[in-house]
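The same subunit A turns up in both complexes below, where it pairs with subunit B and then with subunit C.
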Partner chain A sequence: MSADRVPALEVTGLTHGFGGRRALDGCSFTVPEGAVTALVGRNGAGKSTLMRAAAGLMQPDGGAVRVFGNPAGDATLTRIGYVAQQPSLYPMLTVAQTLALGHRLNPRWDTAYAHRLADNAAMPTRARVGALAPGHRTRLALIMALAKRPGLLLLDEPLAPLDPVARAEVTGILMADVADHGTTVLLSSHVIADIEGVCDHVVVMTGGQVRLATEVAPALDQHLVVVGAGNELDALGDTEIVTARTAGRDVTALVRAAEPLPDGVLAWHRPTLEELLLGYLRVAGPESPRKVTT
Partner chain B sequence: MIGAFVIFRIDRRTGIAVYAQLMQQVRQAIRMGRLAPGDRLPTAREVSEQTGINPNTVLKAYRELETAGLVEARQGSGTFVREHLTPLPDSVEVLRRELAGWAVRAHAAGLDVSDMQALIAEVAAGTAPGAQGERRVG
Partner chain C sequence: MTWLALRLLRPYLIVAAALSAISAAFILVASRTIQSRADAYGIIIADYAPDRTGLCEPTVTCLPAGTATSLAQATALVAAFVPLLVGLILGVPLFAREREDQSEAFVLTQSVPRSRWLFTKLFWALAIGATATAVLAVAFRLTAARYTLILENAGYSWLQEIHHNNVGLMVMQTVFMTALAAVVGLITGRTLRALVVAVAAWPVALIMAQIGGLLLGLAAMLLTLWSDSLSTIFGTLDQDETATFSALVLAVGTAVVVRLGKSRLRRVS
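Up next, the complex of A and B:
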C-alpha cells in the first residue's frame, strides 16, 4: 500500500448529471491496492453512479477514472468484479447455467471456488435465476464477481438484501478473499455496523461531493467530538468545525484537531467510527443548503 | 499443527475499535489459561473468515500483542503465545481483594455492574501512563 504503487482505483474530478441534477460533482479520491474501502452516503448521494463509472459502465460528463492505472472501460472489465444493487443476471438461466456462462466469459474464472461458494450458500443449482429469493440472487451475483478473480471488487450495498446469517457469511467470505488474494474492495453501505472492523478506508459522499476520503485509524486520531454550551464553542478558535448539532443548550461538534483540547470548559473525546461518519454525513450538500440541527 | 482454539466475539456496536477487542480477548484467554504458552493463534485468514474482520485488522492486533510481549510471530508458521510469559505479580490478589470490598460499597450505593465498569474504566483511563487514546493504542 505504499504511495509509489499504482492505486487500484483513482477517481479525478468526476462529474456527471442527470437532466438538470448533478449526481456527481467533482469527486476525487484514490483506493490503494489491497484496501477495503467503504463508500458511505445517504440515499441519492451519488454512490451508485460513482460505482457504475468506476466499473466503466457509464461515460461520465467530466473527470477520469483509472483502474490499476488504465482508464476505466472495456479494457479494465476483466480486472473488476462489480455487483450492482439490482444484479444483472439472466433470469431465464438456471444457477448452474449462470456459473457455466461465467466460466466461458471470464479468462481467469475459478470453477472450484465458484462451486465451493455456491455450496456454502446452499444455492439451488437447478433453480432459474428469476425464481431465486433476493438474498440468493445477490449471493449468486457475488459468486460471479468473486470467481472471476478480480483485482478490484465494486459492491453496491452488497449486504442490504441479505438476512443476518447470510450477512455474516458473506462478510467472512469477502474478508477471507482479501486475506488470500489481496483483493481490493470498494463497497457502499449506510449501515455503520457493516463497516466497523471490515473497512480500513472510508469515502464519505454528500450531495454528489466527496467530503472525506481517508484511512480510518488516523482519521479517528485527527478529530474530536466536543460538547459544550453554544457560546463555549468560541473557545475552539480557528479549529475547523465539520458539523455541529444543537440539543437544548448543548452543542455537539465534530472538529478536526489532532491535539487534545486543554482542560477547561469544553468536554471532548475521540470520535468512534460512527461519530466520525455521522459528522461528515451531516455536512449539507450544495443543493440542499439547510442548517444541520436536530 | 497445534490447534489453538480462540473464538473471537466481535461487537461492532460498542464503539471500541475491533482490533482492541481482539487484543483484549487474546489477553483474557491467556490469563484464563484457555491459551497456553506455545499455542498457535488462528491465522488472520481464519479469523477473517470466521468473524468477517479485515485481515489487516487482525494482523494489526497481533503486531500489538507482539510488541506487548505476549505472542511471537514465527516466520512462515504463524503467531504463537510466548513461552516465558511473566506471570501476574502477587500484588494482583491484594488489588483484587481491595476491589471486592469497593464493589460491595458501590453496590450498596446503588451502582450496577455496568456503572462500576464505566467508573473503573474512566478512573483507569485518567491515571494510567499514556492513558489518553487508550482505546486505540499506537
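Up next, the complex of A and C:
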C-alpha cells in the first residue's frame, strides 16, 4: 500500500462492552483499498460487533473507525455495503419492492446490476422476503449491498446459510465485483474453508482482541510449523513461538521465523493458511496490534 | 423514505383509521339516540349550563338507566381513551418493532442519514395520529359532548377532565403519546417496554399538561390585566382556554421527546 493512499478501513483502539463483558478490547488494524480481507475468529470473538461499528450501526465505547478517511456514520453510508449475519430485510416487502427500495434510498444504485444478480440467483421477485429460503434471503441482502456500488463491503458471515453451490456462486460474484470495480471486502467467518483462496489479507481476533493482521502470502512465508519432542523445542532458541500443542511426546508449534530451520532434530514445513489461522486462534494471551500491509 | 415509512406503518395506520372512523360513527349514532330519548322525556339539554345547573340534582340521573345513559357513558369513554389508544397503536411499534426484528440495520446502512429515518417515520405517525383523533374529536365536540351532562355517575363525569371537550387537547394527547411511545421504543428496542412506559406516563403527562395549562392561563390573565379588551379574550380561565393551553404544554412536551429521540439516535444499534 502506498503511504499516501487512504485505507478503506482504519480501526484504532476500538473498545466496546456489553454489560460487564468486553466485546472489543483495543482493536487496531487497517484494510487497504482493493483488498479482500478475512476477519477470522471463533464465535463471540467480537467480529460482528466490529462489523457493526464499521457499518456505523453502533457507537463504540472507545476508539475510532474511519471509512475512506471519514468517521463511520452518516458520512460514509454511501460508501459501504453491509450484510449482517442474519440478513436485515423487511419480511413484509416483496423482493421487487425491496429492490425498488434500494433504488429510492441510494443515489448510486445500479438497477440493471441488481436485476441481473437477482435473475442469476433465480430470485422470485413477487415473493415476500419473509417467505424466502434462508439462502435466498442472504443472496438478496448481498444484492442490496452490491448494487449500492459501495467502496467497502462489510460481510458478516454471509456464506453460513448457503448451500455449497450457492457458496461458490456468491464467492464468484464477490470476486467478479472486486475485479470489475476494485471493491474492498471485509469478510468475517469462522470457517477457514470459506476464505481460503478468496482473501489476500487476514485479521485474526480472539477474545475481542486482534491477534494478527497481515497480508496472507508474506505471513505464510514468515511462519513455520515445527514438529518435535517437547524438549527439542529448546533448539529454537529465541525464535518466537506463537502457539504449541502437545500430542503424546510430540509437540507441534507454530513459530514466527522467516528463515528455514537448519537440518537437525526438528521437522518443519511452511504452514498452510488453515495452520496459520488455527495457530493464532489458539493464542490466549494479548498481543500488540499489527498493521495490514501490502 | 416516505414510501418505506408509510409501507411499514400501513397495518397500524389501517387500525388507527378504522378505530377513528368507527368511534366517530358511534359518536354520531349515539348522539342521535340520546337526543331522541331526551326529547321523549322533555329534557332540553342545550338549556343547561356545563356544570349541570338546573338539569338535575347531583347523583340523580335525568334519564332512567337504559340505552341512552349507556350510550352517553360509552361516548365519554371513547372521547377519553381513543386518543390514547391511537397514540399507542401508532407509536409503540414505530421503531420498537423494527429494532426487535433487527430489520432497522437495513435502512440504517442505506445512503440516507438516520435522522431522516427518525423524522420521516415520526412525521407520518404524528400526522396520521393527529388526523385520526381530530375526526373523532370534532365529531364528539359537535354532537356528543353536551350529553355527558346527563351522566349522574361522578366517574364518568370526571372523564371529561381528561379532554375538556377540547379538540386541540385530544389531538395533542395522541400526538404526545405517539411521540413518547415511539421514542421509548427507539431507545429500548422493545415494544412491551414502550407500551408499559407510555401507559404509565399517560396520567403523569395529563396532570402536568393540566397544571401547565392552568399556569399559562393565569399568566395570560396577569399579562392582559392592563387591557379590558384583551382580558376578555385571553386569561379568562374558562375550560376551553385552559384546555387549549394544556394542548400547548403537550406540544412542547412532544418537541422535548422528539429532541430526546434525536439525541439518542447515534446510540441506536
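Quick note on the criterion: the second predicted complex is superposed on the first by the 282 of 294 C-alpha atoms of A that agree within 3 Å, B and C clash if a C-alpha of one lies under 4 Å from a C-alpha of the other, contacts with A are read in each partner's own complex, and residues count from 1 in each chain.
In the analysis below, contacts are C-beta pairs under 8 Å (C-beta built on N, C-alpha and C of every residue); 3 or more make two chains touch, one makes a residue touch a chain.
Small disclaimer: the values here were computed from a predicted structure and weren't measured.
Steric overlap between subunit B and subunit C is absent once the structures are superposed on subunit A; the two fit side by side. In the superposed pair of complexes, A:180 makes contact with subunit B only, with no contact to subunit C. Of the two partner chains, subunit C is the only one touched by A:91; subunit B is not. Aligning the two complexes via chain A yields an angle of 150° at the C-alpha centre of subunit A, spanning the centres of subunit B and subunit C, rounded to a multiple of 10.
With both structures placed on the common chain, the touch criterion links A:102 to subunit C but leaves subunit B unconnected. By the touch criterion stated above, A:172 is placed in contact with subunit B alone, subunit C being left untouched.
Applying the stated contact rule after C-alpha superposition, one finds that A:55 touches subunit C and leaves subunit B untouched.
When the shared chain is aligned, no partner comes close enough to touch A:205: not subunit B, not subunit C.
In the overlay built on the shared chain, the residue A:8 is in contact with neither subunit B nor subunit C. Contact with neither subunit B nor subunit C is seen for A:224 once the two complexes are overlaid on the shared chain. Closest approach of subunit B to subunit C, taken over C-alpha atoms in the A-based superposition, is 26 Å.
Touching of subunit A by both subunit B and subunit C, each in its own complex, is seen for no residue at all. Residues of subunit A touching subunit C in their complex: 52, 55-59, 73-74, 77-78, 80-82, 84, 86, 88-93, 97, 101-102, 104-108, 144, 148.
Per the touch definition, subunit B reaches subunit A in the complex via residues 10, 12-13, 15, 17-19, 43-45, 48-57, 132-133, 135-136. Contact residues of subunit C toward subunit A in the complex are 1, 3-4, 7-8, 101-115, 266-267, 269. Those residues of subunit A that touch subunit B in the complex are listed here as 34, 36, 168, 171-176, 178-180, 193, 196-200, 217, 220-221, 260, 270, 272-275.
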